[in-house]
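In the two complexes below, chain A is the common chain; its partner is chain B in one and chain C in the other.
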Partner chain A sequence: MDQFLLVVEVVLRGLFLGMLYALLASGLSMVFGVMRVVNFAHGEFLMLGGFLAYFLWSLGHVNPLLTIVIVMPVMFVAGMVVQRLLVERVVGKPVLSSLLLTFGISIVLMNLAQYFFTTNLRGIPYMGEPAQLLGASYARYTLLSFGIGGVLGTVLFSFLRFTSWGKAIRATSQNAEVAMACGIDVRRVRMVSFAVGAALAGAAGVLAAITSAVYPAIGSIIILRAFAVVVLGGLGSIGGALLGALLIGVAESAGTFYLSAEVGQIIAFVVLIMVLLVRPAGIFGARVEA
Partner chain B sequence: MEASTATTAERISVRRRVGVAVGVLAAAVLLVLGLLPSFTSPYIVSLFFLLYMFITLSAGWNMFSGYTGYINFGYTAFLGVGAYGMAVLITRYHFPWIVAIPTASGLAAAFALIVGLPLLRIRGVYFAIAMLSLATVVGILASTRFLAPVTKGGVGIPMLSGMSLTMQYYVMGLIALATVLATYAIANSRFGLRLLSVREDELAAQVMGIHTGTVKLAAFALSALFGGAAGAVQAAFLSYIEPASVFNINYTVRPIVMALFGGQGTVFGPVLGAVVFTFVAEIIWSRFLALHLAIFGALLILLVLGMPQGVIPWLQRRSFLPKTRKL
Partner chain C sequence: MKRLLALVVLVLGILVLAGACSEAAPTPTSTPTAASTSTVETGKPIVIGAAVSQTGPYERAGLFMFRGYQLAVTTLNERGGIQERPLKLIVYDDQSDPATAVRLYQKLLTQDKVDILLGPYSSAVTNATAPIFEQAKMPTITAMGSDPRIWEGKSYRWTVQLIHSSRPYLVGSMELAAQHGAKTVALVYENTAFPIAMAEGIRDKAKELGMQIVLDEAYPKETTDFTPLASKAKAANADIFMGGGYFPASVGLTKATYAVNYKPVLMTWAVGPAEADYAKSVGDQALCVTGNSSWLPQTMTQGYITDNQTFVQRYKDLWHEDPGYHAAGGFGTVELLAQTLEASLKAKGAVDNEFIRNFLFTTETDTIFGHYKVVADGPNAGLQTGMIPFQIQWQKDSLGKMVQQVVHPEEYATAGPCFLR
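And now, the complex of A and B:
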């Protein structure tokens, strides 16, 4: 029985971890689906969101949870600006162009954050009391962030499913030319998708600041994991990204628990490479030409 | 009729004169570079050592990715394997460096053969991400306790290679020269044409009877051989290696940026890019240390948006340079 509860704990911790990846990966996947751009700078939106939340809390004394309400619109606008000024220009260009462009954006943002915010770790102490769940205790903020992630995921899903913007995004993702022929303003769809992705990453940043800490390099570390998640689920498939995130979260938690912390770190990539070998375009992915 | 033969003869003599001029210039440059350690400071020698390393990496990356269009976003894995191979061979097995460098490069190539066999089936952006993941995995593996008996884990390996700075300079220079010559040979061979056909249309190439799998794997391993050689000498240069210093995304991205600047899939593009970017990076680094990454990133953004095809193809398109695969 103890053994069983231990497994439950490992799985739950994995799901909690996976929710953070899911928020990041769903945006990443949506951006790829709509404009075929792999966004290296996506992790930096998480980093900026986290820092914004931290400073709102420490300087402006805003309730840590309420910062989400400010962070998401701000990151939405930031995403819109970055997309229109820079990323839009590499749509339809070779893979290398978008990889290098977004990599450039990523190191600019990271370095500026180091310059202005220093490399210190910044965490928001909030809801640190333990709570019992299925025979193990977790900090409340873990459960809280899982809940918020779940709500945001549901909102995103309904947005894509039921609103006209959502339909336009899905249509563009399936076939941009046909979508254009149907009267969808594809350029605006690209901008909005990118902005929604940035807002979700910003929300993930707030959760990261509450559950652990943010620092300038967090984006470049977590983005690798998010890539693994997205490719695992199939680039452009948002449902796949959610599933992939939870799967990777659990695999990582199990690897950390049963083997070692380093194995936990690499398990995502090992799973990714294995999946790619069997299904070269991810579990739910469409075949994408170079 | 006579007029046209005269122009042909004229053209040939112009070409010959250009050839002689280029030859003389190249010989002069090689002579100066060869004598460099005898009349400059160790700082300049180290700077040129870095230049040669980046020429090797950029040309080595280009040899596979530039010609086949398969974006290797984990090139640092080969550099890392070469560096670790060198360190382990020298500290554990007491190889002399002159044997250790080729052995370590061979290890990197063998590693590429093993991982390339399955991974080269993946295409496009998936291949880029798979290679990035591979480099991350190998870098973290080198720091785990599972490989610690060989790699000493995260502690790293201090080593004395027995090479002086001058010797490192010459060896890296020769490796860079070999990489460029190999690229030249490939670019003008049937093998090079086959690689280009993979880039243009892999399916059509297969239909025409090219074993694209074999061709890609061969270029991949060659590219790794040179990356591994650069890593081996770099290990001697650093005299202390740890996972983060040799499995570093900088060794992937900088060579790519250099190749992109000069022109991917050209022989001299990566050389040009390496020359420009090594010195530019040195200036930025020494003047604006705290913001050097941001400046590099901004340059990268400008480069991708402003001149995505690279200098040499840009000049070729405007007929300032001959449209030949020799360049």
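And now, the complex of A and C:
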């Protein structure tokens, strides 16, 4: 029984970790699906969201939980501006153009953060007390983070499924030219998709500030895992990103607990390779003609 | 027009990328040779080169060390330089990558033709770059390469260590916990040079104190979730949970320990607890956590440039925060360098590498960072042996505010140690 509860604990910890990856990866996947742009700057949106939450809490004395309500709209607008001014110009261009551009934006944002916020770690000590669940202790912020991730995932799913904007995003993701022929303003759809992705990354940043700490380089570290999640789930598939994130979170948690931390770190990529061997387009990815 | 704008944006991005990897000071006029004796010329700048981590995992500590370099060079220049020769600092960002640092030091030697070098940040980068210093016969003081294996058995002739070795980093905390009755240790550490060497010191000390190591595990530097490691330490019921690597890990490990409701007798992490931001990031969870501090602002050290209190005050005036030991180490490195440069200019009338090398390997002196004495000759030449590491601990003062106290060695202690159970 104890062993079973231990397995449950390891799996739950993995799911909690995976939810943070899911928030980041779902936006990344959506941006790729709609724009065919690999956004290297996505991790920096997480970093900016985390810093914004930290300053709202430390300077504005805003409840850490409520900062998410401010951070998401701010990051949404920031995403719109970045997309319209910069990223839109490389849509449809060779993939190297968008890679270079987003990589450049990533470096600029990271260095600006370092200049303005310094390299200090900024963490929000909030709800750190443990809570009992199925025989194990979890920090309250972990449960909170999972809950917020679940709510945002449901909202995103509903938005894409039931709203006209969501349908337009899915249509553009499937075939931009046909969507345009149907009267969808794909340019605006691209902007909204990018902004939604930035807002989700900002929310992930708030959770990162609460569960650990943020610093200028955090985006560049965490983005690698998000890319693994996106490729595993299938490029452009948001459901795939969610499933891939949870799978990688559990694999990482179990690998670290039962084997070693080093195995835990590479296991995400081992899972990725194994899935790609069986399904080269990822779990939910569609085949793309060369 | 759109294409033009896209091009401009791309070029800007590339420029910023290049800027991030480029020097923090203007390129100096070239000097004749890098590795040999520089020409005597009053008023001509002495060009000092270094690669320092300003981005990547070591950006935070690297930046502090760089500030120490900057402040020391600025102070010296305000006084008219060394023997009327001003100092010029060229610093590149090695992005926390040893291979990049190697390329940058080669560039400093062959293209920038600097007169003298300062070491990089971290043991991993120091280990990769020391052979470059040796090959170029360039005397180099390394501020933060604490891994003793960089020097042990290498018989280096040109590279010296300023900070004490990483082996005794946390052994003072182990002694305190042993006195409190601790018998078992859970050791987790980053799998890079400095924490690996620190772990060796912990294993040796555990053997000496009769403690049992019930968990001994390395983790990659990319690790962001430390709860599985804390769960393992809890499952092993270890009295001491210790090790770590750099600052983010200390925060992550502390939070994870509380997250899994694990209460060891003592938590002690290598880098992080000595920084004021540590307690800001983890709040009350910092209570009773110990860590290493190679330097303390209150110690009455005196270096070639200034005394410790003046350094602390000037640092605060400039950057509006308290300096940590990384900054003090950077400052102390330039103090030691300045002392050798002055001696060389006085004795030889030039920046003489052989003279400076002999000075560094045979002189026992002080900087604001602490005492300096290295092994002069033999297989471990260049290894620092004269410096004492402190153990600090977060405790609550009478007003309930979190403050750092020195708890080890006893002769420097400002308070007795506290334990979690």
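The rule is simple: the second predicted complex is superposed on the first by the 288 of 290 C-alpha atoms of A that agree within 3 Å, B and C clash if a C-alpha of one lies under 4 Å from a C-alpha of the other, contacts with A are read in each partner's own complex, and residues count from 1 in each chain.
FYI, a residue touches a chain if its C-beta (ideal position, glycine included) is under 8 Å from a C-beta of that chain, and two chains touch if they have at least 3 such contacts.
Note that the coordinates shown come from a computational prediction; the quantities given were computed from them, not determined experimentally.
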Fit-or-clash call for chain B and chain C when the two complexes are aligned on chain A: clash
Contacts of A:Y215 with chain B and chain C, given as first, second, both or neither: second
Which superposed partner A:R13 touches (first chain B, second chain C, both, neither): second
First (chain B), second (chain C), both or neither touched by A:T142: second
Touched partner set for A:F227, first chain B, second chain C, both or neither: first
Touched partner set for A:V270, first chain B, second chain C, both or neither: first
First (chain B), second (chain C), both or neither touched by A:V77: neither
Chain B versus chain C as contact partner of A:L134, first or second or both or neither: neither
Touched partner set for A:E252, first chain B, second chain C, both or neither: second
Touched partner set for A:L101, first chain B, second chain C, both or neither: both
Identified clashing stretch of chain B versus chain C [8-16, 44-52 or 188-196]: 44-52
Chain B and chain C footprints on chain A, overlapping residues: 86, 89-90, 93, 97, 100-101, 103-105, 107-108, 110-111, 114, 224, 260, 262, 265
Parts of chain B lying in touch with chain A, wherever the complex brings them together: 69, 71, 73, 118-119, 121-126, 128-130, 132-134, 136-137, 140-141, 143-145, 253, 256-257, 260, 264, 290-294, 296-301, 303-305, 308
Sites on chain A touched by chain C in the complex: 9-10, 13, 17, 86, 89-90, 93, 97, 100-101, 103-105, 107-108, 110-111, 114, 118-123, 125, 128-130, 136-139, 141-142, 211-213, 215-217, 220-222, 224, 252-253, 256-257, 260-262, 264-265
Residue ranges of chain A touching chain B (in the complex, touch as defined): 32, 38, 86, 89-90, 93-97, 99-101, 103-108, 110-112, 114-115, 224, 227-228, 231, 235, 260, 262-263, 265-266, 269-270, 272-273, 276-277, 280-282, 288-290
Contacting residues of chain C [partner chain A, same complex]: 2, 5-6, 9-10, 12-14, 16-17, 19-20, 54-57, 59-60, 63, 188, 191, 217-220, 222-225, 227-229, 231-232, 247-248, 251-252, 255, 258-261, 277, 280-285
